[in-house]
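Multiple structures follow.
Paired with chain B in one complex and with chain C in the other, chain A is shared by the two complexes that follow.
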Partner chain A sequence: MTWMRRTALSAALVAGLAVQAPAEEVKFGLLQDFTAVYTFVTGQYNQGQRDYLTLINEEGGIDGNTFTAIVRDTGNQPQRGIEAYNRAKEEGAILFDFLSTPVSAAILDQAGADARVVITPAHGRGDASDGTVFPYIFPMFATYWAQAANLVEFMKTNGGGIEGKKIAIVHIDSPFGREPLPILDALAEQEGFEYQSFPYASPGNEQSSAWSEVRRYRPDFVLIWGAGGGQAVSVRTAIQNGIAPEQIHSVIWLAETDAANVGPQMKGVKRFEATASGTELPIIQRIQEKVIATGKGSGEEANVGNSYYNLGVATMAVAVEAARLGLEGGEPLTGETLKAGFEKIAGYDAEGLMPPITITAEDHQGGGAGRISEWDGEAWVPVSDWHAAYPELVRKVIEESAAHYGEGN
Partner chain B sequence: MAYFVELLINGALTGLMYSLVALGFVLIYKSAGVPNLAQGAVVMVAGYAVWLFLSWGLPVWLSIPAAMVTMFLFGLVVERLLLRRMVGQPVIMVVMLTLGLEILLRGLVPGILGSAPKSIDVGIGFAPVIIGDVFINRTSLVGGIVALLLVGASLLFFRTRLGTKLRAVSDDHISSWAVGISVERAIGISWGLAGIAAVVAGALWGSSQGVDWTLSMLLFPAIAVVILGGVDSIPGVVVGGLVVGILGSVIPGYLDSIVGGSTRDVVTSLIILLTIMVRPFGIFGREDIERI
Partner chain C sequence: MFYRLSGTFHTNYQADRKLWKIPADRWLVLTVFALAVLAPFLVSPLYLGSYVLPWIIWSAAALSLTLLMGMAGQLHFGFAAVMAIGAYSSIHLVRAGVPFEIALLLSGIIAAVIGAVFGAAALRVKGLYLVMATLAMQYLVDWVVVNVPWISGGAHATLRTPAVSFLFMDISSLASRYWLALAWAALITVFYLNVKRTSFGRSLVAIRDKDFAAAVIGVDPFKTKLMAFFTSSFLGGVSGAILAFCYYRAVTPEQFGFNVSIQLVAMVLVGGLGSVIGSYLGAGFVLLAPIFLTNLIAGLAASGWVPVSQNFLSHLPLVIYGAMIIGFLLFEPLGLAKIYDNIRKYFLVWPFRHARS
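On to the complex of A and B.
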């Protein structure tokens, strides 16, 4: 080796050391509701999150940084959520996922003040997609408004047009259930359809009077907007009222467990999905090979690849990608550098697990893309491509709502 | 008119299914004098028990009796470990104990057996019974018939020697002891019987919505049923269930689309409030019952 080559190598090594922060343990606070309202999803979702972090650690971490999940139950209670947040923050957590709209809402301002990243995939405030108003909140995936827009567009393109048609939205009587109504107002005006909402009382174990009314409304399409066991009741009661499964379209919260509850009659029901399900995806294959097969999985193997498991994997895939990008500057990973990493994500699809998402300082929703899938009797089969529907309209609703929030603070 | 009739019939049948939950509450109160606020969670546990036996490959006709035996034993264990210490204690402490049990079971059982909804197929057909333009929910129809049969069986039970002993225990623990009745055993049996009623409720409601923690939420309409019917009245369970079910179906059926929200829980709450204000012991309840 000549002295020139030795010098060049040494310089490169020194330069490399200069831009790379020392490897450390990166902590994510997965403080979720394991015992109350969100129990229908939390177990599988959290399992996917932990298994993905284990996979990354097994593969050597990111620049040697390893990831640790701090997992605690909040019971969907803001008070317990705040306590768990403060504790995890003291322990060094820089990212939080509460998977609970009330808990996320309670932490919203505090997390901003503490410069801690809060991800709110498939829950939380839709207007948090506006990064100029909510700098530390990252919905990352399609908000409920983007989901409703995608579903309506699917009805339009696959139902012989939507002008003059009638949509019945049957929803749980809660802020979450009423969430799509503003975007439906805007879409009805733009596309010339009519809709009527039919609320039912929480948790939705009895909906017969709502569906008797829906049947007499004679809708062309039905949109169901609930979660957990209430979703199975919605589908069953709809079909019992003569509504064809093909007419039923659902928010993201309709999974394999609901299909099992409904039975064979579920075939033909459609839903919005933000991530693909199944075990054939490369990222899930790697988890099976390096985490599940080696006995390091965090839950039942049967859950691997189902809708909520894969959603959990996708959330951590995006978070780890943000960490990777955040570390590129050579500084240690903090809330600020992680936030910067999130805002550098461009066209990331976790090896086909989800639509390519691009997060910017303005758009924390990541573009709001998704697709529609249909239950074929055994699995969810995609019936549309990944895309964002009515993006300008959705963005307008987001900005209006965020501005309203901004005025109040 | 058909719309009204449909709301009326489905409401009545749903109310009878609430009666299945309420029956467990009344059985315990009538036998042991204990207002059991854990009955919703007991129904949830019973639903999980049925699911567990089904998942082990047992046919439904065997899973339900197996779950009944399990829940009867569960009732005996609850009495032995918790309730026995409370004999002779103020009723408010027993109420607090059952409330604690409700919270414990609601967190513990889904935590152990899995919180995602579990499916139960008890073999009830999916298609509604259609009469003209009236669609009747088949699960509710079966549930309503089963509720009436179970209430009838309960009425007969309280005319037996053992049933009479349980009523005596409910009236006065000390006097029952004095005449040689085992108060502990009587309370244990009442919890066991409530467990059996819970299996029927858990299986039917679970077949409709799946088994998860939300089954425990059936406590709220069941409380309205027992307050209206009378906390110590078995016939009151049927009448209370019918009224709660019908009003909870017909009123929301006409009002919800106007007010833009669900009024069912408001109706249920009003039934509770108005009953307590106007007739605190319920329609068929004994006037001298101890209230909380």
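On to the complex of A and C.
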């Protein structure tokens, strides 16, 4: 019996050597907040991420490597995030997505020291786009600063010029809500408009006092900067205060659910988007065919094609593309090779799901492109083309803030 | 049998006033302390960094709060704000060039002064009204931290702790951070055990039980209540600084939000008001039970035992956790400390049940 086992073993060894890099299970840690603050997005976002990974596995993986998602709830609590991160790291995860600002902030330095990739798509620090200061952090998509710049540019080109106009920014009173202010300062100076900020208290279930002041300010455009339930309240209260839906422009966090909550009045409201929504996209079609139709989907079928679902798909599309490029060198995937793969991504658009992004060692934002879409009563319809607005200005703010981080903040 | 009471006679005051009168208790405490000191060699970095270290620090925080809530009977629902003041003060002081050892003390004093100012509300109001006053403190401190960029650290409101050393020991490795936190927890524990036996501790208890009765027998409620807030906030402030430097190493306002205050109150209540071991057990339960449950349920789900959606999967641990809190409090309203005490008393005279006190 021993000789049989030995032959079998050596045969297996020879077979293993024949393949260049042995196929492995690549683990991604999707340690997100399913129960506390980010519940408005996490469910659909995570569903999209896992469905895409299932799709890649169904299609044979990347060079035979399959992808596994380690999914845990962190409840938006840093100490639970740290535990989940350490545990997933021990299990071999090489990429992390926390989708939570406090958890990401608590792990930023540690992930760099451990050489693990952290993606912070559409959340987290904008200055992490500077790859020279944050080598392992990848915002990948347009940061809040790029989003604000894109929205202002849209007001300029589609609102008949912006010089001398007034913008009211109504935001949640938190670091996230305050985030667009520095770029608005710079833009106001450059473009000659004026703006005023109107904060409302977190979580934003009640915003009447802020909006009655907005009404007195008589703005030409309104920018709403919040997330979750507060967004629908913003739109509703704005309309009650005589602001036309067409005047309202939103940060990325405005989706189908909010439109359903606001009702028919929502028609005409615009938002920034980093990924296309809907199911008429090649990747989403393939997910429906190979994952959903075969019963391997990770959640409700109704969510497929929603804004946040597609955003989740896009994040994993970029990550898998980075893994593919990282494996090109013939070495197994680690944090380092995955990082190198990310920095090789050039002009990747996930078959039309998002604008082409190019990530370099300096620019981890991937260009910062996006577009504006409008709610037509049933779906989000794009009203501008994919492009990056004021890239030099955004880059300048990123570098200034990153230098500040280098000093300890 | 386990405690071997025979032959242990307290024949003088000194022996009778020992913290742990029974040799078995002393051995237990010494063993636990020795294990705690040796923890960096005994447990993997995963468990040291994600379980033991936060548990020790939150136990210290719960002890600080139980001094106020358990011993002096003053409710405080804004204790995370006290810790925030300590954490932010210590970082800014160290950045300004103050040595870490002194910055720790100063941050405690700053937290104590601000905490005592809000504690002044306790001179006029009691019970639920005091809860409201301390809640106001929580929201005011939150608001100030978020709205003053100089405190919170600018656009992203994240402050990283500078590299420091404590008594010439470099505080950067996990083990050194753990030992510093352990030293602080041990110091608070010894302080708490002894403060119970001082005149200050006795006047706190008198105030808790009935403040005007205490005034009649000569305890000054004004001074005692303020001192209670001052002492507790001092300890809380230093615990906040330890939390920042030894555990998070990057401070954001969300780390000290209202939900953290509620967690601290839960630690004190679930553990047992005013009890030392209760603070440790309560902090362990509130902090670690959700983590254990999340991993347990995720493990069961991965092996196909509970085939449910991720969303339900994430909420299931919370459901069980909530049921456990209610269960413990129904089973023993005086908290985990009382459960420990019952077990200890059972074994104290085991197997002679009839001799139980």
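Assume the second predicted complex is superposed on the first by the 388 of 409 C-alpha atoms of A that agree within 3 Å, B and C clash if a C-alpha of one lies under 4 Å from a C-alpha of the other, contacts with A are read in each partner's own complex, and residues count from 1 in each chain.
In the analysis below, a residue touches a chain if its C-beta (ideal position, glycine included) is under 8 Å from a C-beta of that chain, and two chains touch if they have at least 3 such contacts.
Small disclaimer: the values here were computed from a predicted structure and weren't measured.
*Asks:* Scan A:G48 for contacts with chain B and chain C and give back first, second, both or neither.
*Replies:* neither
*Asks:* For A:P245, is the partner it touches chain B (first), chain C (second), both, or none of the two (neither)?
*Replies:* Neither chain B nor chain C is touched by A:P245.
*Asks:* On the A-aligned overlay, A:D173 touches which partner chain: chain B = first, chain C = second, or both, or neither?
*Replies:* both
*Asks:* When the two structures are overlaid on chain A, which partner does A:N86 contact: first (chain B), second (chain C), both, or neither?
*Replies:* In the superposition, A:N86 contacts chain C only.
*Asks:* Answer with first, second, both or neither: which of chain B and chain C does A:G29 touch in the superposed model?
*Replies:* Neither chain B nor chain C is touched by A:G29.
*Asks:* According to the stated criteria, A:H404 is in contact with first (chain B), second (chain C), both, or neither; which is it?
*Replies:* second
*Asks:* Between chain B (first) and chain C (second), which, if any, makes contact with A:P139: first, second, both or neither?
*Replies:* So A:P139 meets neither chain B nor chain C here.
*Asks:* Could you tell me if A:G367 is touching chain B, chain C, both of them or neither one (first, second, both, neither)?
*Replies:* neither
*Asks:* Let me test your reading of the model: by the given contact rule, A:T257 touches which partner, first (chain B), second (chain C), both or neither?
*Replies:* Touch status of A:T257: first partner only.
*Asks:* Can you give me the overlap between the chain B contact set and the chain C contact set on chain A?
*Replies:* Correct list for chain A: 34-36, 43, 75, 173, 300.
*Asks:* Can you tell me which positions in chain A touch chain C when the two form their complex?
*Replies:* 34-36, 43, 46-47, 50, 71-73, 75-80, 82-84, 86-87, 90, 101-102, 105-106, 108-109, 125-127, 173-175, 178-179, 182, 298-300, 401, 404-405, 408-409
*Asks:* Which positions of chain C touch chain A when the two form their complex?
*Replies:* Against chain A, chain C makes touches at 45-46, 49-51, 54, 95, 143, 146-147, 152-160, 162, 247-250, 252-255, 259, 287, 290-291, 294-295, 298, 309-311, 313-315, 317-318.
*Asks:* Spell out the part of chain A that touches chain B in their complex, as residue ranges.
*Replies:* 34-36, 39-44, 75, 173, 196-206, 208-210, 212-213, 215-216, 228-230, 232-233, 236-237, 239-242, 257-258, 260-261, 263, 265, 300, 308
*Asks:* How about chain B: which of its residues touch chain A in the complex?
*Replies:* 3, 6-7, 10-11, 14, 106-107, 110-111, 114-119, 121, 126-128, 135, 137-138, 140, 205, 208-210, 212-215, 217-218, 248-250, 252-253, 256-257, 260-262, 264-265
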